[in-house]
Amino acid sequence: MSTPSSTPLKAGTQRLIPLNHALPWIIAAVFLLILPYIFDSRSALTIMNQMAITIVFALSYNMLLGQGGMLSFGHAVYMGLGGFFSMHVLNWMSDDPWISLPFLPIFGGLFGLMFAIMIGAFSTRRAGTVFAMISLGVGELVAAMSVIIVIFFGGEEGVSGDRTELLDFFGMSFGPQRQVYYLTAVWLLIAALGMYLYSRTPIGRIANAVRDNEERAEFLGYSQRHVRWISFCASGFFAGIAGALFAINFEILTEENLNLATSGSILLVTFLGGVGFFVGPIIGAIVFTLLQTVLSLYTEIWALYLGILFVSTVMFFPFGLTGLLAIHIQPWKLGKISHLVVPYAKMFIPAVVGVLSAAAVLEILFHARHAGLGEEEMNLYGITFDSHAAMPLIIAIVLAVASFFALVKLAPGLKAAWDEATHMGGAKQ
Amino acid sequence: MSVPAIELRNLEKSFGLAKIIQGVNLKIGKGERHAIIGPNGAGKSTLFNLITGKYTPTAGQVLMHGTDVSGMKPYQINRMGLSRSFQITNIFHNMTVFENVRCGLLWSMGYKYSFWHMVNRQRDLTEKADEILEQINLSSRRNMVAGALAYAEQRALEIGITIAGGADIIMLDEPCAGMSHSETDLIVDLIRKVTEDKTLIIVEHDMGVIFDLADRISVLVYGEIIESDTPEKVRASTAVQEAYLGTTVEEA
Amino acid sequence: MKSIKKLALGVAVAGLAATGALAENVKIAFIDPLSGPFAATGTNGLHQYEFAAEKLVNEKGGVLGGTNFEIVPFDNKISPKESLIQLQVAIDQGIRYIVQGNSSGVANALTDAIKKHNERNPDSRVLFLNYSAVDPALTNEKCNFWHFRFDANADIKMDALTDVIAQNPDIKKMYIIGQDYSFGKAVASAAVSMLGAKRPDIEIVGNELHPIGKVKDFTPYARKITASGADAVITGNWGSDMLGLGKAIIDNGFEGPIYTYYAAADGITAAFGEAGVGTLKLVAEGGDAPPEKPEAQEYQKAFKAKYPDGNISQSRITNVIQMLAMAIDEAGTATDVVAVANALEGMTFNDSLWSNNPMTMRASDHQLIQDVHIYAHTQVEAPFDMDNSGFGLKYENSIAAAGEALPTSCEMERP
Amino acid sequence: MSLFIVNILDGFVTGLLLFMLCSGLTLIFSMMGVLNFAHASFYMLGAYFAYQISLLTGFWVGLIVAPVIVGVIGAFIERYGLRRVHKYGHVPELIFTFGLALLIEEIVQFFWGKSQMAYEAPEILDFAAFSIAGNTFPAYKVFMIFVALGIFLVLLYILTKTRVGMTIQAALSYPETVQNLGHNVPLVFMGVFGVGTAMAGLAGVIAGPVLGTFPGMAVLLGSIVFVTIVIGGLGSLWGALAASLIIGWLQTFAASYNVRMEDILTGLGFTKPEPIWDSAWQDLWTLTLPQIGPILPYLLMIIVLVVRPQGLFGKRET
């Protein structure tokens, strides 16, 4: 039973990108075009490609969770299978190619779609917990199969291929990273636009309706099961495209593309970004990829920070990072965003100090507990000190507590400013 | 008499050992405004849910325009031209008022499961939805989120969604529940207006509404129909008075 | 972990750091798990690298007359995908040497990616020094010029192991059990074929695979092994699968030898403790406890003084560092990896801390040929024990230049 | 035959251990409608706390104290975490517990590192209780059986003989009667969550020495616990017991008998292609039962959910 309430998952239809304005899409395209001129190293390109793939995957996941209200613990299956099949298509064609690489994602999408049709046939009969549990079961089964069926999945080594072996595309062999980047970027735009437009179609709207109130939708002539199934298939199609893009970028697919950790992390990504918004998964994917790749260069306990971030997002900002941005739209429209500048500025320093010192507490504790005996010296924010001494820890704790109290003290001011900023009228008097 | 819009034949429904509907026979003609009344727990909602396909009958049949629909799913029955409202307001709270109505239109206007139309670009949809908003007097609320509407407005929207699809059989489950007198009058007018030339089946506690609207009334007591006739005859029936109406009539 | 912070350049500016200059350190990218379930092994390995670079190269004057080695850690979370990303980051930072060891899956992904990278980008070629991944394919059908393996591969170890088993007349029935993936299968098929050749009278009473990392309770497997009447068990299990299986077998009263590849260190030695004495055997290269050479004893003591919770569990790491230093000196350059690779190829190495016999980097497949030992899990005095448990690994049998006779299917393509 | 009896006993132990986790999870689900994804994480916490305590005072103090600590932490999380998320609906609750599971694993690694802990059964129980055909049955396992049965009986007593218990039991079958608990609903919720997690903690305490105490132990058991209560029927205590035992035996027997696909296929009249490594069907021909043992519960769950979405013993739909 769906009892309608204002849950974050049902926030629905905020239109951050209005259809009649192609402007955001053009900006996005231009942005994607110039990005490799700003970040031109190989690793930056790889990370941007990884981001783009995660965006497509997360958007396809949000077709289920955000738009369809289906919580899946096994979405990696469709991306992974799409990727594996694309890789096999690539290898099968390499002797006698008749397409060029940019068309490979179509195959990935079709295979993702095929499996979504098959599995969705029984898994979408019900929503809610039953769907979530079936997705978990299917996810486990397919991940286990990938180790057992070696001939297809390649066992632990996975399946690899060479992307340069297909036909050249206007002189591009797709050996260099930059060419692959543009291929990925174009597909990102195609897939994102496709998914955005899908949400404006009758089936896309009805998917929202079924999410909010499946019973009502049934009495409007729509089979909730068919609606979920169709959404599921569309989602599987785009996940398959993401899988093919993965195959092109990394030229290898392994069990990790199918396992539950991958399925779980896409839930994390999507929720972090905000499931109620079309751009939510995009923001989530960018932030998550940066956190995962960059943060892990600086600290060993990055996963702990990620866990804290995720749990506090669920607790305090159930609309995700995008929700945090979106609440500023109203003050912006009212022309009162300036009311918030001063309280925000006041809170900025304690907030930054608070976060950094809290992280410092964790880092010092962790270092003191796990570093080698000769390695008492640790380096944090450019300061070198002895992690086993009490003083740095005390300083960090004092700073953290002090900034916490400062924030508590400043909170009423912010709240008042918020009330003022979101209150209609009275601004231009 | 031509084929009835709805016909119930020996309809039965049990939940475990409890037999809620015990052998109901009823014919409701085309264009008729038929009210079902009865004390609390008589099984009115269950009967509604049996006709609309939410429940599967334990025994007996539901026929719609002569076709057996018992055991069909709600959406199949809806597609054959039957639409219902709910006792507890059942709208899409997070969508705008306009979108609520539009959702009610999509199937019947042939968009079905389409993923090649952009809903915003379909002028026929927009026009029709606005027309219905006009009918239910919610044009001024068009772009509000439905959950933010006042209660009476939500009830009106509920009826709007119900009739949007153009079904020729409309079933309303206590459309006036929880409304003030003046609101009730407005809703009754609305119901009369939007169900013109349609078959209407209505469950309602407010006897004033019933006698105002209905062509015929069926009285359901303990899962059985004890009387089914014109309002005058039902009002006069001693059996009904004994079993149910009694003082209520005078009060109304 | 301070060297992690040395990576302050980060990803965005990584490209700028390319092209290693003369005075700059020779950077070696350590791509292995530093977080997640296998982080203990990875972190311990990193410590061994950092320590070896410091003690064996930098404190002795570096290479090329004064250039130091620097280990740059990259956390690959034991994921092939993350490894490939970190590989790109490493290459962008101008790093030309990649060391990796945990998981043959990652090694396969890396060797493939490095081969393609070196073909497509001749100006930034890198070498892959594999110190632990033992999948035979890496030096057989999947071999390439850029990959060098310093551990004995699974087949070589099995060859040594079966040599020893062949001399034990008490073993009549053998049970083979392993994790259901490439390595487990490689161990099983090598065991079957080699036992069949060397001791055809030994009956294989069980040969099975169990899902990797998914078995909660190994008791049913232990019951089955007992029921089969096996005299000995061979397993390639590692991690919690090794511990779970071993403990279950011993708890069930099995007294014959359990021949393993990875039943030591990272908490496993401590967890077996007294129970493993007399049953647990392990096949590996490396030193005795205590090692024969005095300088190795000193080295190990110094390591334990610095990392009291650590183990010298992968002694080949010192070989990697020393041999790389030798090759760079011989090639006279650290930036031209083709020259360094040519120097490594066929190199004979006499100065290993752990071995009195020379080692050879076989030119035909880039597999290091070295002595392999069968160790017994037994009481060992600190600091030569493992996990500070009072238990450790002592030589029981040794096979000199193990695997020298094993053929390779490698068809090396040289640039 | 003797191996069969040994397997029955082994499966029984596994099943009872699962049940200790499932009973708490079922209680929590029935009362609060929350499927606690982090339940196995509390099991892990129990093992780690008990290990830490056992270093100081020995096993037996840990047996009592660790579950209490876990229960207090659980109640605390319910009060300050779950209750906050509750108002957003069930899916965010599920996501919250999912995040909690990730977080607890990281926290455990933060304090105890990534290696396996040398958490051992007490020496007093370190002997073979009996042995069947060369298979020893450790006394510790007998102890586990008694603890699990004891928990079951205590739970049964509380649920059937005490006032709170009967209200809880009513709430198992009729969720709306939870309101009858009166103004103490939040307190009861907190209590149920605390007790449920404490039971998971206790399971961890007694399973830690046998199944290993390491950061992956929660993940290894986590989804199986979930699967078990879904198979048994959400909210049904007897269903949880039945499903726990079924899965315990399923996994034990699947691991014990090397049923080979080759034999089945040959029996069906197919001929094995030679050499097998060139055949596209190699993986099918070489498949054995132990290989797929651990995924059987998932298969069973999917079948049950497709055929009977409310689970084997469940009365209400999920």
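Which chain is which? They are A, B, C and D, in the order written, and residues in each are numbered from 1.
What we mean here is this: contacts are C-beta pairs under 8 Å (C-beta built on N, C-alpha and C of every residue); 3 or more make two chains touch, one makes a residue touch a chain.
What you see is a predicted model; the values in this text were computed from it and never measured.
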Any chain touching chain A and chain C at once appears in the list D
Where the centre means the average of the CA atoms, what chain is farthest from chain C? B
Inter-centroid spacing, chain B versus chain A (mean Cα positions, whole Å): 44
Roughly how far is chain A from chain D, centre to centre by C-alpha average, rounded to an integer in Å? 31
Between chain D and chain C, distance of the C-alpha-averaged centres to the nearest whole Å: 36
Per the centroid of Cα atoms for each chain, what is the distance between chain B and chain C, given in Å? 74
Contacts with two or more other chains occur in chain C at residues 36, 39, 180, 211, 214
Chain D, residues touching no fewer than two other chains: 109, 113, 291-292, 294-295
Could you say which residues in chain B touch two or more other chains, in rising order? none
Each pair of chains that touch: what are they? A-B, A-C, A-D, C-D
Which of the residues in chain A end up touching chain B in this complex? 4-6, 10-13, 19, 197-198, 200-206, 208-209, 212-213, 215-224, 226-227, 230, 234
Over in the complex, which chain A residues touch chain C? Could you list them? 39-47, 50, 144, 147-148, 155-158, 160, 162, 164, 175-176, 246, 250-252, 254-257, 293-294, 296-303, 367, 371-375, 377-380
Interface residues, chain A side, partner chain D - complex: 5, 7-10, 65, 69, 71, 122, 125-126, 128-130, 132-134, 136-138, 140-141, 144, 148-151, 260, 264, 267-268, 271, 301, 303-304, 306-308, 310-311, 314-315, 318, 362, 365-366, 369-370
Using the touch definition from the top, list the residues of chain C that touch chain A in their complex. 1-2, 4-5, 7-8, 10-16, 18, 34-36, 39, 47, 74-75, 77, 79-81, 84-85, 88-89, 91-92, 103-105, 108-109, 112-113, 116, 120, 135, 137, 180-183, 185, 211-212, 214, 305-310
Chain C residues touching chain D - in the complex, by the definition given at the top: 36-40, 43, 180, 206, 208-211, 213-217, 219-221, 223-224, 226-227, 240, 243-244, 251-253, 266-268, 270-271, 273, 387, 389
